[in-house]
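Read from first to last, the chains carry the letters A, B, C and D; within each, the first residue is number 1.
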Amino acid sequence: MAMFEAKELTKYFGGLAALSDLDLEVEAEEIRGIIGPNGAGKTTLFNVISGVYRPTSGEIIYQGKEISGLITSKIAEMGVVRTFQRTALFHKLTVMGNVLVARHLQDKGGLFRAIFGTNRRIDIEHEEKALEIIDFMGLSDLKNELADNLPHGHQRSLGVAMALAAEPKMIMLDEPVTGMNPTETKHMTDLIRKVRDEWKMTILLVEHDMKVVMGLCDKITVLNFGKKLADGLPEEIQENSDVIEAYLGGEEVAELLGE
Amino acid sequence: MSKHKVLSIIGVAALLAVMSVLPFFAREYYVEILIIFLINIILVTSYRLIATTGDWTLCHVVLMGAGAYASALMAKHFGWPFWMTMPLAGAAAGLVGLGIVYPLLRTVGFGFFIASLAVGEFIRLVWIKFHTPFGGPRGMINIPYVGELGPIDFYEAIPYYFMTLMITSGCVFIMYRIDRSRIGNTFKVIYEDDILAESIGIRVGRYRSFAFVLGSFFAGIAGALLAHRLSAIDPHQFGLDEMVYLLVWVVVGGTATFAGPVIGVAVMTFLFEWTRPLLAWRPLFFGAILIGFLIFLPGGLESLISKFAFWNKKQKTT
Amino acid sequence: MKKKGFLKSLVPMTTILSLVVALSIMSVPSAQAAETVNIGFLAALSGPDAGWGLPGITGNQIFIDRVNAKGGLLVGGKRYKIKMWAFDDEATGSKALQGARQLVLEHDVKFISAIGGTPADATHPFLSKKKVFYATLISTDIMPDRPYLIGGGDVTPRIDMLRPWYHKFNNPNLKRWAVTSQDETIGRTCQAWEVGSAIAEGWDVVYDKHFSLETTDFAPVATAILATKPDVVSLNLTWPDYVTLIIEQLYLQGFKGIISANYIDTESVLQKVPAEYMEATKSANSFPLFDDPWWGEPSWQHEFIKEWNAKYGPGAPGDLHRKITGIDWDHMIMLMVWAHGAQLAGTFDPDKILEALRAAKSIPTILGPAVMYGKEMWGIDNMVSPPIPIAEVKADCKCKRIQAHIKFEEWFEARKDTIIRVVKEKGQYFDQRK
Amino acid sequence: MELTTFIQTIANSVVAGSIYATVAVGLALAFGVMQMANHAHGEFFMLGAYVVYVFYALGGMPFPLAVLAAIPTIAIIGLLTERLIFRPTRGNVLAGFMATAGLTWVLQTAAGRIWGLAFMKMIPTPYMGAANIAGAQIGWQRVLIIPAACILLGLLWFFLHRVRWGKALRACAQDPEAAALQGISINKMTALAMGIAGAYAGVAGALLAPIHAVTPYMGRDLLITAFIVVIVGGMASIEGAVLAAFLLGFIHTFVTTIFDATSAVMVGVAFMAFILIVKPTGLMGRVKA
């Protein structure tokens, strides 16, 4: 059975449906792309899955457990972590500081330890682990910079690094490459692939850059007005007439076809 | 051991040394002021501990009162020694804090601020309403003094001063360690971005209440110290006016750094004594100071020294 | 980060060090002229309770100036100029104790004028240890373990006990007695004594409650009282401002019986209520006016008014922009008693002064000759007890005029058993407060 | 409770409600626009009463004129507060609140120094005597409050819903950014809001001067009540504030009559805590994201 499942997921804001009867099945270690025109409900989907919003109806099952209605931190604890469309960082902390904080789930730091400074060993372990992640995201030479002072591209990577630091089993990336130049984009794409291959994570990816999506994802789900429009392999999606229709307006189609 | 660490240890040692010789030079009246000053240090430091999560409360002084009443009741009715009642008073205040924090958690920013005022007032009215055991508006009298330890009589100013100095240093040390620990960081990141914090698995609600209870605990300790120095307490003692004074200290000092509030108390305690000749004009003077700081130096005195102040950076309002 | 930490740890050091320096600089002994005796004034001088403190300074100052004009207080063949130091206790225990310490340790005061209540509770252990006289207005703070705390310049609660007798005496046929006062330190104790006396005088006490200090609207309070159909509504020692507002409500809601209170500020009541109504309700209280012809001419009281107006009245150098009130002379009574005691004893030794006062047949006060009394009420004879004036509001002069001037002691002796029983039932007897 | 007592209590409640409403609307309005939480609102109220003391009791001006005089006077103080305190601390509710707490001390002390501090100021009742309404006895001075409150609240409603500036004010209260985009000047709006808030606090104080103990500290007792009203009503909502004012008026009055006033205050505070817990946005508060 699938690692992650959403059944007839529906979310209403006031009168209008941001999501309606959405079904979604994601296998372990799959990279699933979620695309659709603006306002299709992609981010809402992430918010509902990660527990920011409680779904109006429907179920969210993760590793056979119902997680809809749980608080975000609980869901994160179970292994589902998301990044944000906005660059969400702790701006007054260093890169290292951010990643260390993000390792909260691995080490909450007990009161006794806090007061008497025992167990230095644990702290050192965490710093090593954090460094590993920072290094993996290619931020090692910036590790003592204040997050505030990083260039945009690196801030995005730091966002991902923090999600990784929580050591989730499933990670939801909300437009990880927006505002990146081609080289940064390339780098980020490779990293995401490596995250799956080496760290054995399942990945949900919301992205506008179709090159990235088509190049990276095993399967793609297309949303439109909160409904699922299509669901399948990248090439199937590219041929799907409904999808093309939804994306009417030339340059977007071109974008869709990755030209 | 690194160089600056050595330096700061020397610094703290020097500070303690000064504080220890001081009472032998200052006259008795000023020793008494220093005792209250030390108690207030616990109060502001614990207030900041809560504030680091972004929750500014208006019931901290009431929680101090809870500690004072608890300690007084235990000492009077069970005849327990101060060494027992003081920590228990902290625990009691912590429990009261735990009791009131859950409803408060539903609010943030200004809502939290005002809600805490309401809850605090309610607690005070309970003391006023129930003559047994709280003594009603008259409060409690004949609270036992700390008593004697061999030749040392803690009724005398200097012994009590040193006891308070030890307890205060202990509390401040603990709070400093917490502030610097992972837990302390967690508090601060919650203040900066609670949504992000939640998304990486931080139980924001749990940590906010944890900070609140912890702060209440230390406020309770301060309360116990006060109650057994005065030997008489009443609800008026823990009213809104006293709370506003606490705010003045915190605002004047600033809350970005651990030292900020302490600076605040130090400076204001001095100003307070120094302006006594102004008699009836004094509230006007302090009102002006409060306004001036909030407008021209929102970071407090500390921001003159250390440039970054999170106090007024990011706002959380309902 | 750590470097910053160190910088920060510097900050408190420097500040506290500077504070330390400042404090020790401050501790310059207050210069003392050889023939001066220092006294203290320890009360709320700022904030909402200042109305009870600030005015007291005026009366005391008038007395002091008078004495100093004569070259000082003659004690043991030596004349001492009196100097008064004021300290603002903000009506808070901790501040009061701090003030007591400053006055005693820094200024070596021999006598402290205060209001009483919680500040008295907080200061008495220290002051008793230091053997310093502490005079409260109200006698409810007197306790056996506070040997140097004297009270009673203010007629509370003796007057609140005499009014039930007074009204019974004038209207034997009336039965129903309602009483209320604000829910604070002194209110409960005084009301207990009044209820005791009312029962002793054969009244049925139909309403016996307190209202909170936060009360802004007294209509419901009046409604609740009138619902009990009282013949007399007594306001015990309800603060004058509240008295005015409650009487207004009693008037508006059509109360026809007798109104009785500790202190009716007639002038402000008459702003809200016709003088005829006040006369009809025989509204009685015991803060006399010092310009009342009853005192006779020349008299201490009339001179006091003149001096006060000359010093603080309209146009005077120290114009206070207000009329004279009872508080202006209330504190002074206790100061006079202490000064008299010191002169009798020929020393400032508190024990000797107490001895002398207790031995004295009568102690002159501005309310008349007083005695030290109160053992059955407070466990120790530290209540200064002058005769008690009862004044009623008269329509013709739109003012209150003294009707009677009663010696409290005999009256009390005859009824004390019942009264004390009731006070004990209400848990307000001195030995019940531990 | 007997019938007459009951009717009397109802009447008392209505009066209390109208008083709370007039005092609280200004607070709610100011909070609605850029979240100006004015701790000195009670002192505005106090100064309003002193205006009547000065012009009517001392100056011998007719009472209605003195009341009108309070409106511009306190409105100006409101404007100054906005300019000197709320504008510099904008975006930080707590800072504004604490700064105005400082202002509270300044105004209280100043009033005490200028007009003396002892008992309440002497202000003769302009309209003595009581109206008998179905057995309930209410002083004319208090009966007056009810129509006055209706008129004041009516005017405010009209201004907010029918007048261009009023609409702008509401727009600004709902969404400052959007309002700014439509070319509404936030500064003008905050100033306007504080002006009105001041005027209303002032006129309330002026109207109540004859039936209230006029002292420098008269604002304190009312402030907590006013804040309870505003919070219960939903922070920024005028309608909510009015509703809450009458609710609280009834609660306070009935509890006082049946039990005692201390309990009344307790119940009031408990009521607010309860509302905050079950509905943190207040009775009529808009849900804020």
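List of remarks:
Here is the rule we go by: a residue touches a chain if its C-beta (ideal position, glycine included) is under 8 Å from a C-beta of that chain, and two chains touch if they have at least 3 such contacts.
The structure presented is a predicted model; accordingly, all values stated were derived computationally and were not measured.
Shared contact partners of chain A and chain D comprise B. Centrality by Cα centroid goes to chain B.
At the far end from chain A, in terms of centres built from Cα atoms, lies C.
Each chain gets a centre from the mean of its Cα atoms; for chain C and chain D, those two points are 35 Å apart. For the pair chain B and chain D, the distance between C-alpha centroids works out to 33 Å.
Centre to centre, using the average C-alpha position, chain A and chain B are separated by 42 Å.
Between the CA-based centres of chain A and chain C the separation comes to 73 Å, rounded to the whole angstrom.
Across the assembly, chain B contributes residues 128, 180, 280, 282-283 that each touch 2 or more other chains.
Shown for chain C are the residues in touch with two or more other chains, namely 46-47, 50, 54, 183, 212. Contacts with at least two other chains are made by no residue of chain A. Counting only pairs that meet the touch rule, the chains in contact are A-B, B-C, B-D, C-D. Every residue of chain C that touches chain D in the complex is listed here, in rising order: 46-48, 50-51, 54-55, 183, 209-217, 219-221, 223-224, 226-227, 240-242, 244-245, 248-249, 251-254, 265, 267-268, 271-274, 320-323, 325, 327. Here chain A touches chain B in the complex through residues 50, 52, 71-74, 76-77, 81-82, 84, 88-93, 97, 100-102, 104-105, 107-109, 111, 113-117, 162-163, 165-166, going by the rule given at the top.
Residues 2, 4-5, 7-8, 11-12, 14-15, 18-19, 22, 25-30, 32-34, 36, 76, 128, 131, 136-139, 141-142, 180, 226, 230-234, 236-237, 241-242, 257-259, 262-263, 266-267, 269-270, 273-274, 276, 279-280, 282-283, 301-302, 305-306 of chain B are the ones touching chain C in the complex.
The touching residues of chain D, counted against chain B in their complex, run 35, 37, 84-85, 88-89, 91-99, 101-106, 108-110, 112-113, 117, 224, 227-228, 231, 235, 262-263, 265-266, 269-270, 272-273, 276-277, 280-281, 288. If you check the complex, the residues on chain D that touch chain C are 1-2, 5, 8-9, 12, 15-16, 19, 109, 112, 114-120, 122-125, 128-130, 137-139, 142, 210-213, 215, 217, 220-222, 224-225, 252-254, 256-258, 260-262, 264-265.
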